[in-house]
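Take a look at the structures listed below.
Each of the next two complexes has chain A plus one other chain: chain B in the first, chain C in the second.
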Partner chain A sequence: MNSKTNITTFQLGFLLIHAQIGVGILSMPHDIFKMAEEDSWITILLTGMFIQIFILLYGALQNRFPNKNLFEIARTLLGKKIGNIVTVLFSMAYISFAINVLARYVYLLNAWMMPHTPKWALLGVMCFTVFIIAKKNLQIIARFSIIASVVFTGFVISALFSMKDANFSFLLPVGANGVMPIIKGVQATTYSYFGYEFFLLFSPFIQPANKGIVRAATIANIFVTGFYFILVVVTIMYFTKKELLMIPEPVLFLIKSISFKIIERPDLFFTSMWIVLVATTLMITLYAVILGFRTVMTKAKINYIAIAVIALIFLGTLPINDMFKIKAFTTFNDQYLRIVIWALPIILLLISFIFNKKEVVKDK
Partner chain B sequence: MLSFLKNLFSQKEPEVQPTHATQSVYTSIDENIHYIKQGLYESDDIQIQKMTIQNKQSVIIYLETMVKTEQIQQNFLDPLMDESIELDNKINQLLANPDFKQENQLDQVIHSMIQGNCVLYFEGETHCYLLNSPQATHRSPDEPPNEKTIRGSHKGFIEDLDSNINFVRKRIQNPQLTVKYITKGDEENIKIAILYINGIANEETIAQVKERIEAISTDMIFSPGYIEEMIEEKQFSPFQQVLLTERPDRVDANLIEGRVAILTEGATDTLIVPVSFFTFFQSPDDYNNKYLAGSFFRILRLFSFLGALTLPAIYIAVVGFHFETIPYKMVGLVKGSIESIPFSPLSEALVMTITIELIREAGIRLPSPIGQTIGIVGGLIIGESVVNAGIISNIMVIVIALTAIMSFVIPVYELGNTVRLLSIPVMIGAATLGFVGIIFAFMIIAIHMCSIESFGTPYLSPLTPTRFSEFKDGIVRVPSWMMNRRPKDIQPQKKIFQKDSREWDNNE
Partner chain C sequence: MRKYILSYLMISISLTLLLTACWDQRLLRDHSLILAIGYDREKPDKILKTVSFPAPESQSNDVQGQGNASSTSEIVSTIGNTVKDAEKKLDNTIPEKFDRSKTRLVIFGEELAKEGIFSTLDSIYRDLRGPINAYTAIFTGTAQEALSIQADESILTSDMYAELIDSAEHSGIIKNYTISQTRPLMLAQGMDLVLPLLSLDKNDKPQIVGTALFQGDKMTGTLDTKETIIFLMLADKVTENLAINLQVSEEHEEPDKNFVNIDIRSIKRKLNVETKGNQVKANVEVDLTVEIDEYAEDHLDNKKRSDSLEKKIQQKLEKIAEQTIQKLQEAGNDSLAIGEKVRAYHHSTWQDLDWEETYKDMEIESSFKVDITHHGIIN
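After this line comes the complex of A and B, so read on.
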């Protein structure tokens, strides 16, 4: 492993945060509210805890193979062939995830900001930007995502800014609809959390090896949960129930209603900043895809893989061009990701336990 | 295949290797004169004076353009002529003088003549003497006009390498300050000095600097810019990756922090590596000011970097795409200003940017009284009349003028140029996709900056990779007694810079 591409656990934390927070933040409060209504904030906290269980389980797997990424673990446990199939399954899952992210990005931008801009232009410029960074190394992506974190402060501050018009009673009554809506809400929310599993892929890049990875993932999870929590609570307090059920992007409406002396429509700035979050999610996802294909095709050049993957994503996104197709694709994508991301590592962990397979760490 | 074609079409030039035959000194005056004259290709500034010193036939040969003759006379010839002491004894005495050397290789003799030595030869001997008294005109070490400070040292480097190293050594009286010479430029033989502090500077960095400078193969090193382009990592990057300075105090501070300085004969600019982006926003003035003012100005510079990059682009995007972001009360104002303008905001901005560049360029080249006139004519008259004529909106003039001022705030001139050039693609992005275009242009610039490394130092450190403790000097400037550690990104061997300097304050 080239020492130049190593990242620190601090950088890993930011990578995970950016992988998790992405295209969905503008519409997430609406999606959850449809399920859990006033108890959405409980849902967010529950989902955070639920995800934490997975992080700990993944951590157990990662601990048994400290110098291997998930794809290599699969190859050691399942043999080369099945391992490759698993790797390709994972990579395809991320490709479909990237397609979904891009489709939603184009749709929202077209609906909100640039109604006359052709879709391929918005897609193309995003694909180009992501391409030039994803073919570089993880360190550069990590550095970039730290700069990109400025955007979070913007969102949090503006969300807190609108607290002056907030109505606390909108949060009440707590738990009036029983437990089921909350659980259903959790089911709908997990999609916004995908990305935490990336630490299984990036762990070999971390030096000193295997220290504080789970901690970094946990902190990232807490940050993400906190961030979603703030957005959800503020939107619930700001909008009435009827409004929130109607508006698809409550966060933007929230920001739109704030008007400063010098800027009339801050939501346009925020939509632009949100593009950075979409880009970081895509970069990290794409890097994971390239990593996957590299494990399968060891001889192919990174540049060619990156071009092929980007072309595939670009062409795959073009037909998904309206709300219904996006909804359908999201449902498909959600289920696919759940199978791959939840089931596979757990199966690997079980195999590793049952057959007691472990990586032999050489003494230095 | 390609290389085959290349070989086919390129005529191989026979490499002329300079002959380095070692010819020892002849035993007769005439033979030596002949050889030296041939060696210098019968140049007309060779002076030959035959004379008799204490009954011995002798000759002095020198290049009159390179030698201070009075000094030769005073320091060497007068004592030799003194007949009260025997010649051999006198010569032995003189050999104690470092400027008086014995040499028996004629090619070496010719080489040292070019450097300003005078050759003294006695008939029948197998060696000659080199009398060193070079003629040199030094200007005074004035403050460099492009790195002025209000307080602190006002000394600047001059065009003489020895004096420049002397300035640095005067400031750093430490035996660990190491000077390594490398001679480069096949036809020019320019001396390059690498300065670093042994035990502080990272050894890997030093080795890298040496390796890269050794690798330079050129006939001439015209200016430090040549070296810069040959040793920097990203060769096509618009960003400055080497700090150029003419101030000894700046070199001093950077050496102590663990960086490496590269000085060149005949140039006032010193190259300093490795540097990060934020180094370019530091000015020696920051440390002479109170910490609050120093921090404020530094943050002001960082913001002006961002401003210069984005301000015209944001204006173009707002006017062209997002008119709704303008507050209600200002809509009429802006609309009135741009309504009658026949051009698109982008072409307006480009025309104004180029005009400002023209004024700047003309101002530099002209002598200063005329330069000021150009500033007034260009700035006031053109600016005023271009608006009156209705070619360019007055808000655009304000925006572009502000942008120019912001780019001049950056203490390193080269980075200011980078910003003004980079603002053009950002403007084009804004003109095509509005805010979205700006964001993408910005992301691409940021990605590029993230991928630059200068001799192993990430360009954006300490911002990313993040070291909050180094924001103390990297981004703001905290009081000097709080900056106790060297920047980690240059991987110095000695990490602690100072210990508690205000101990007296704790003794209650």
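After this line comes the complex of A and C, so read on.
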């Protein structure tokens, strides 16, 4: 393993945060509110805990195979052929995820920022940027993620800034609609959390090996949960019930309502910042796809794989061009990701337990 | 490696050149900036839209000479089925396109306000460049009338109105809402909207005559200026120091001596809501610390006299408050946010209630406590 491509657990934490937080943050409060209404904030906390269970399970799997990534683990446990099929399934899941992210990104930019700019131009610029960085090594992506984290402070500060018009009583009453809406909300929220599983793919790159990986993932999860929590609480306190059901991107609307003396439309700034978050999510996803295809096709060059994948994503995004198609595709993507990301690693973990297969650590 | 860098450079340069074609550019020279909009109901079911924008000459003046602000406003009115329909017709009247994103003020005619304003505002909420930070106000006549006045003293009509309501808010006479702030109030169940009510005086000068009360998005009543001040105290919406003039006695022959002018230094409000079964009772307590800034009776160094004046002020305030609350209830306007309190803290009661009905007949008490701490530099 080349030392140039190694990352630290600190960098891993940022990678995970950026993989998790992406295109959905602007609309996430609306999606949850549809289900859980005033109790959306409980939903967020519950989802965070739910995700934490998976992180611990993945940690157990990773612990048994410290020097292998998920694809290699699959090949070890299931044999080469089935392992390859699993790997391709995973990669396709990420490709569809990237397509969904890009489709929502283009739709939102067209609605909020550039109504007349054609889709292929918006898509092209994003794909090109992502392509250039994703085909480099993980370290570069990690460094970029750390720099891009400045964006989070912007979101948090502006969210807190709008507290002056907030109504605390909008959060009340707590739990008036019972438990079911909250749990339904969890179902709708897990999609915004996908990305925590990347540490299974990146673990061989981490130096010093096998230390603090789960801790980094946990901290990232806490950060993401906290970030979502702030956004959800502030939007609930700012908007009334009817409004939140009417406004698909409450976070942007919140920022649009704040007016500064010099800046007329702060939402433009925030859309730009959000683009960075979308880009980091896409980079990490694309890198994972490339990693997957490389495990299957050991001889192919990275560049060709990357070009093929990005072309596939670009072409795949073009037809998904209206709200209803995006919704349908998101539902499909959500189901697919759940099967792949939740079920497969757990099955692998079970197999590894039942047949007591472990990686033999040679040194020490 | 070198080759790669070069090719990236080439690609990025060509992309920059190709992609800066700007599909979304909007040039100022192609647009005429609307600064104030008025909406009226044109009988029976059309919208009359009036816009006020700086006259073309003054626009060119602004570019050439600094400070030469001989700005005059021009207005154009069109009639359409909806706001956007009227807007489309507006664009046919001048060579440029209208741009409403810099609007400072949106005025509604009383007629339209009584029928509801939410659907009129729909296009502004929906538009990504909609002027959601513009102030809103209601005009007792038609908004067209309001914007047609000839403003002298080289000030734009839009600026005059904007500054009028702005300064009124600073002196605590009214509370302004921007378009984005009106939406939650129109849609919330336990809260309601109030907007400044404007009118023209005898000399055709605009003035503030009070507050328009809304139920949902429909205007249902009004308060005069004195009631508005009391209302702002009751609703805890006083943003700045405000002064109020009250008649505290009738016995003096010199008319001046019957009045006192108080300047409010600090204000604390408490809203208590009690529910018993389906009965809701509300109690508003207002604690005021005041300075007397005009009282021709004098002798305020005497504790007794000072106390009795406090009492008189209290009684007077309570009387106006009672009248104000009655008007609020008649209009079905719950801008004290009692409903919100019931919804949040007494949710089971709230679910059984038809709030609009309950609010109209519920018991709302108000009590004032006045504490005179200063009386200027004479006794």
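Here is the rule we go by: the second predicted complex is superposed on the first by the 363 of 364 C-alpha atoms of A that agree within 3 Å, B and C clash if a C-alpha of one lies under 4 Å from a C-alpha of the other, contacts with A are read in each partner's own complex, and residues count from 1 in each chain.
Here is the rule we use: contacts are C-beta pairs under 8 Å (C-beta built on N, C-alpha and C of every residue); 3 or more make two chains touch, one makes a residue touch a chain.
What you are looking at is a predicted structure, and each value in this text was computed from that prediction instead of being measured.
Of the two partner chains placed by superposition, only chain B is touched by A:I262; chain C is not. In the superposition on chain A, contact of A:N167 is made with chain C only, not with chain B. Contacts of A:R143 after superposition: chain B is touched, whereas chain C is not reached. In the superposition on chain A, contact of A:R64 is made with neither chain B nor chain C.
In the superposition on chain A, A:R338 contacts neither chain B nor chain C. By the touch criterion defined above, A:I275 lies against chain B but remains apart from chain C after alignment on the C-alpha atoms of chain A.
In the superposed model, A:P115 makes contact with chain C only, not with chain B. Once the two complexes are laid over each other on the shared chain, residue contacts for A:V125 go to chain B and to chain C alike.
Once the two complexes are laid over each other on the shared chain, residue contacts for A:K242 go to chain C alone; chain B is not touched.
Across the superposed pair, chain B and chain C both touch chain A at residues 113-114, 117, 121, 125, 132, 259, 264-265.
Note for the complex: chain A touches chain B at residues 8, 10-11, 109, 113-114, 117, 121-122, 125-126, 129, 132-133, 136, 140, 142-144, 146-148, 259, 261-265, 268-269, 271-273, 275-276, 279.
Across the interface of their complex, chain C is touched by residues 111-118, 121, 124-125, 128, 132, 165, 167, 169-170, 172-173, 176, 238-243, 256-257, 259, 264-265 of chain A.
Within the complex formed with chain A, the residues of chain B that make contact are 321-322, 324-328, 433-440, 443-444, 446-447, 450-451, 458, 460, 463-466. Every residue of chain C that touches chain A in the complex is listed here, in rising order: 8, 11, 15, 19, 23-24, 101-102, 128-129, 132-133, 178, 180-181, 183-184, 187-188, 191, 340-341, 343-345, 347.
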